[in-house]
Amino acid sequence: MNDTNLNLWIIPVLPLVGAAINGLFGRRFKNGMVSAVALLFTAASFAYAVWAAIQGTHLGLPHNEALPFPWIVAGNFNAPFGFYLDQLSTVMVLVVTGVGFLIHVYSVGYMAHEGGFYRFFSYLNLFMFFMLTLVLANNYLLMFVGWEGVGLASYLLIGFFFLKDSAADAGKKAFIVNRIGDFGFLLGMFLLIGKFNSLNFDAVFNGLKGVSPEVGWGVLTATALLLMVGATGKSAQVPLYVWLPDAMEGPTPVSALIHAATMVTAGIYMIARSSPIFSRAPHALEIVAFIGCLTAIFAATMGMAQTDIKRVLAYSTVSQLGYMFMACGVAAYSAGIFHLMTHAFFKALLFLGAGSVIHALGGEQDMRRMGGLRTRIPVTFWVMTVATFTIAGFPPLSGFFSKDEILWRAYLNNPVLWLVGVITALLTSFYMFRLWFMTFFGDLRLGEVDIGEDAHKAHAPVQSQHSAAAHGHGDDHGHGGVHESPWIMLAPLVILAILSIVGGWVGIPEALGGSSHFEHFLAPALVTPETLGAVQQAAEGSTELVFAGISVAAALTGFLFAWLLYYKRPELPDRITARIHGIYTMVAHKYYVDEGYSLLLIKPLLALSKYVFWRGVDQQIIDGTVNGAASASRGIGNGLRQMQSGNIRSYAAWVAAGGVAVIAYMIWWGVGR
Amino acid sequence: MVPLSWYLVLSAILFCLGVSAFLLKRNIITIFMAIELMLNGVNLSFVAFANHWHQLSGQVFVFFVMVVAAAEAAVGLAIIIAVFRTRETLNVDRVNLLKL
Amino acid sequence: MLHQVLFIFFGLICVAGAVNLLVQRHPINSALSLVVVMGALSLIYLLLGAEFVAAVQVIVYAGAVMVLFVFVIMLLNAGAEERTRGSRIALWMGGPAVAVLAGLIVYMMFKNQQQFNSVSIGNFVSSPADNTHAVANLLFKDFLLPFEITSVLILIAIMGAVVLARRES
Amino acid sequence: MTAFLIAAVIKIVLVVFLLLTGVAYMTWLERKVVGHIQNRWGPTRVGPFGLLQPLADGVKFILKEDMVPDLAHKGLFVLAPALALTMSLISIAVIPFGEMINVGGTNTALQITGVSLGGGHPTDINIGLLIILGVTSIGVYGVALAGWSSNSKYALLGSLRASAQMISYELALGLSLVGVLILAGSFSLRGIVDSQSDTWLIGSFNTHLPHWYIFPQFVAFFIYLMAAYAETNRIPFDLPEAETELVAGYHTEYSSMKFAMFFMAEYVNMITVGCIATLLFFGGWHGPLFGPPLMQALLPVVWFSAKIFVFMFVYIWIRGTLPRFRYDQLMAFGWKFLLPLAIANIIVTSLIVALGA
């Protein structure tokens, strides 16, 4: 801890300024001006973040500083505008600003022809601001502000095409589902306040120093679980993942930035940040791990049956987040963060690539209408290839190392988790390569396949129409010819591709001849059961090598299946699906989870709020009270108006009556006696 | 030897008659007179109590009442004249609107 | 004895005048009956040993204020009042109110009668010479401030009357 | 007790008789004097020097037909003159015109409302002056009602003027007397007169002037005189009965005895005014006394009457001399000149008294 001031507040505020400028004056700006402003401030933020990170590492982390004025002071509870730079937040800040900047650049090209250009970039900058606030906050409360802020930004951006009902609904869905998680987060914070009377990280964690892990179910476990509920909401874990796939209604860069790279990882970051709490709550950890692996496999299976390219990626995001959750659950926070970083790279790359594809096909999102794009859009093809192999977990790409780390730590913790993880890895590589083959190989089926109406894809044509309309105005490309994207879109793809290739090398575990830099870098910021003195299983390199082999094998198997089904014998899938039709439809319909929710929760809730709260409480009781008050006063006024006849004698009569009353009072009760 | 209460009762009767005159008369000037009547009734009780307590303050207060009554009469009659100019009536039942 | 006769006589005149004020329909008759009431009252003041008040009552009230009333009545040439039914409240609430009021006051008087001593002519010896000196002392020494204030009030009233009654042209 | 009552009755009869006779011959005197002022003879036919003229007038008044206009307010039409005369006559009741006289062993004060409670000194009502003021102010009603009840525009205008004028000048009148009251320190007329008995001393030097309040209060006196003329509706303030404009003012519609009542009331008021002026400013009945006891007892009455006669003569003199005011001039004079002057006089007087004391 040192007292030199890094002015960390500048990092989040820069995008805020950009957002303000664009939001307030952007309407009058030209698109060039708007994008210039947005990029300038984002880049500045990135640059300053880099500088701050270097300074911080030189000065020695963690670096904790607060703005000179208080924010919330209630009694002896004090929440400052404080910023906290340690290894963890350094990584997060760099990822957020870096990837964010790249996606900004990409968006300039992608959104060039959409309406509300300035609105889009204003929202995007706003998101950056809140996200940076989230990761830089030095207390849970400020973190929560960022937490809610990114929720808001995500809502705004999902509903960016607010003329489209499905988009607006998706926005609302995301917002509401997140509310549930936020509720848990809030309760967790209340517990923290109750226990430590402070929400500052250092205060809480110092308060926790020397506390041994809870054996039973105690306050810490409850806190951890509540925080975890928040995390499941934000990071789209079972059972609150349902909002993420629908969030794909937003523009693709948004999906890349918010719903793949950064925001959805906030939950992971929060758990890692709260590692001192979680590591002292073994039961909570178990539950986290369980939820994580459940989400992973669940989403993976669902991903297999999707035909909308972005939805496939959405489900893969969910399942990757499940990985990270699992990592946190087995107290391998560093592995989780590691995977978070690499995932940020390759998932952003995937989304942007998909966006490029969609852009190329003039808004088409259904993979069954794609194919054979390999030659038509080579750059996109190659970067997508890199990304696909990365996520599938082929060495030496980054995805391999991070995922392998997670699986290894999972095995050390509980072999079942490991098994599920491996199966998930297999499925992942399968559906990713399915996407890959369907998109880039074979021949273009644009417009040929007529799609049987699927409930969850009813909106796809709408979006295509919308994007077509958006793309169609005034320029030659559109449905016409499939075309490569402009370089302003491709450049970020290339950079991300390089990152996803090399990004993993910072954390190669010793067993694989590396020196898991990343883990050691993060170690001081995290508290694991080991640091609390739990027994550390002997991890000899050979076994880890074996496990690495197994996961690679899984990836290969997935690749082979995909190759067989979607390249060699494209007719097979239909036969198979025909045979296991029941299962297929169930999977295709995402296990009817949405329907189940709507049946179990939403419909009753709607009914309740409609018939009880709205018609009943609101209209009858509350409105009744208000209107009753109004009408009552009107009635009284009407009554009293009769007194105000303007006739002096009647006034005099009232006066006389009042005098009589007063005199009577004074005679019998008042001073008269 | 007259008990003081006789005087007081007389003043009460005068006052009540004044009140009822105020309530029942239509002519605004008469209503003013009713007010004067009430004041006189009160004055009588003042003087009676002054006699009872052997305190002249009561009589002094009567002077103040008279002064106020005179002032009120002057202003009130001026108002009556103004009202009569605008409405051509002295009947308070016809002077019950704010607008002309 | 004489005192009682005088009191009853003038008291009856008072009440008769007041009732006449109530029943007469022409304002000038009401005004004159009020003058009668005031004259009788001044005599009752004399019975109560307040000569100065009595004189002032006649001069100010009967001689000035009521003349002003009569003057205005003549000026506006007010006719007999018309029996309009402007306000039922005045009748149905005011009437009982007045009755109750009278009842209450009389009740109070007779309830506390024993606390009152009785009045007899000349028993009110305010000062050896006459009560004018005493009143003057009180008025110009103890009650100087209220006196001045009332003079200001009168001044304001005069100005107000002038302003109100002036025919704007 | 009986003696007291008898004496009282005698006094009342005597005074009223003398008063009315005085009134009657006032008219004669007025006509004579004005006639001579205007270079005429005045009444000469009836009796020597027309001395019986008042009787003839009286008979004429009584015998004339008593007319009441159809549209007149009957009750008030009758009430008005009676009220006027009564009030003017009442005010004479409190006026002392001498010390006291011993008739048949009983002392009676030469004053209707005066009593001699033993000792050499009679006492009278301690608010006599106020009573006079009050009664005269009540007299206003006579004029006002007369004009209003006779339901004629001239009469109404006349009575409006009269009442307005009376109210206005009543203030000046009352205030002009305050100066004297301050010096005398009493409302009792007898007390006031007694306080004028001896002579003025300046320091220790005895100026042989009588101790009359005219000397310190001459301003008040003139104010009083003018105000009184206005109160009695005499020239130059006789606008209520301005023949040239209003026929005869408030008594236009009156005839015969009712008119006579107004007439008498006016002259009685004039006499009352003279009395008050005499009592307040000219030492009442004080004058040189000589001769036998009875004569010494009656001489003051003579002095008193003489002083009053002077005032009456002045009345007539002014009537013969001055023109009539215009109405606005009248009001302006009353409000803007007399009233402030009276107040100033009060202030000065009270200052002197306060500093002297």
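Just so it is clear, A, B, C and D label the chains in written order, and each chain counts residues from 1 on its own.
The definition used in the following text is that contacts are C-beta pairs under 8 Å (C-beta built on N, C-alpha and C of every residue); 3 or more make two chains touch, one makes a residue touch a chain.
Remember, predicted model here, so these are calculated numbers, not experimental data.
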item	value
Chain pair, C-D or A-B, that carries the greater number of C-beta contacts	C-D
Distance-to-centre winner among chains (Cα means, whole assembly as reference)	B
Geometric centre distance via CA averages, chain D-chain C, whole Å	29
Interchain centroid distance [CA atoms averaged], chain B/chain D, Å	33
Separation of chain A from chain B, taking each centre as the mean of its C-alpha atoms, in whole Å	84
Chain A-chain D separation of Cα centroids, rounded to whole Å	113
Chain C, residues touching no fewer than two other chains	52, 56, 64, 68, 73, 75, 86-87, 90, 94, 97-98, 101, 105
Contacts with two or more other chains, residues of chain A listed in rising order	645, 647, 649, 652-653, 656
Touching two or more other chains - residue numbers and ranges from chain D	none
Inter-chain touch pairs (all)	A-B, A-C, B-C, C-D
Residues of chain C defined as touching chain D within the complex	28, 32, 35, 39, 42, 51-52, 54-56, 58-59, 62-64, 67-68, 70-71, 73-75, 77, 129-130, 132
Chain C contact footprint on chain B (complex, rising order)	1-10, 12-21, 23-27, 29-30, 32-34, 36-37, 40, 43-44, 47-48, 50-52, 54, 56-57, 59-60, 62-64, 66-75, 77-82, 84-85, 90-94, 96
Footprint of chain B on chain C - complex, ascending	3-4, 7, 11, 14-15, 18-19, 21-22, 27, 30-31, 34, 37-38, 41, 44-45, 47-50, 52-53, 56-57, 60-61, 64-66, 68-69, 72-73, 75-76, 78, 81-87, 90-91, 94-95, 97-98, 101-102, 105-106, 109-110, 112-113, 116-120, 124, 126, 131, 134-135, 138-139, 142-143, 146-147, 150, 153-154, 156-158, 160-165, 167
Touch list for chain D against partner chain C, complex	73, 76, 126-127, 130-131, 133-135, 137-138, 140-141, 144-145, 147-148, 156, 159-160, 163-164, 166-167, 170, 174, 186-188
Complex interface listing, chain B residues touching chain A	19, 22-24, 26, 28, 31, 92-93, 95-98
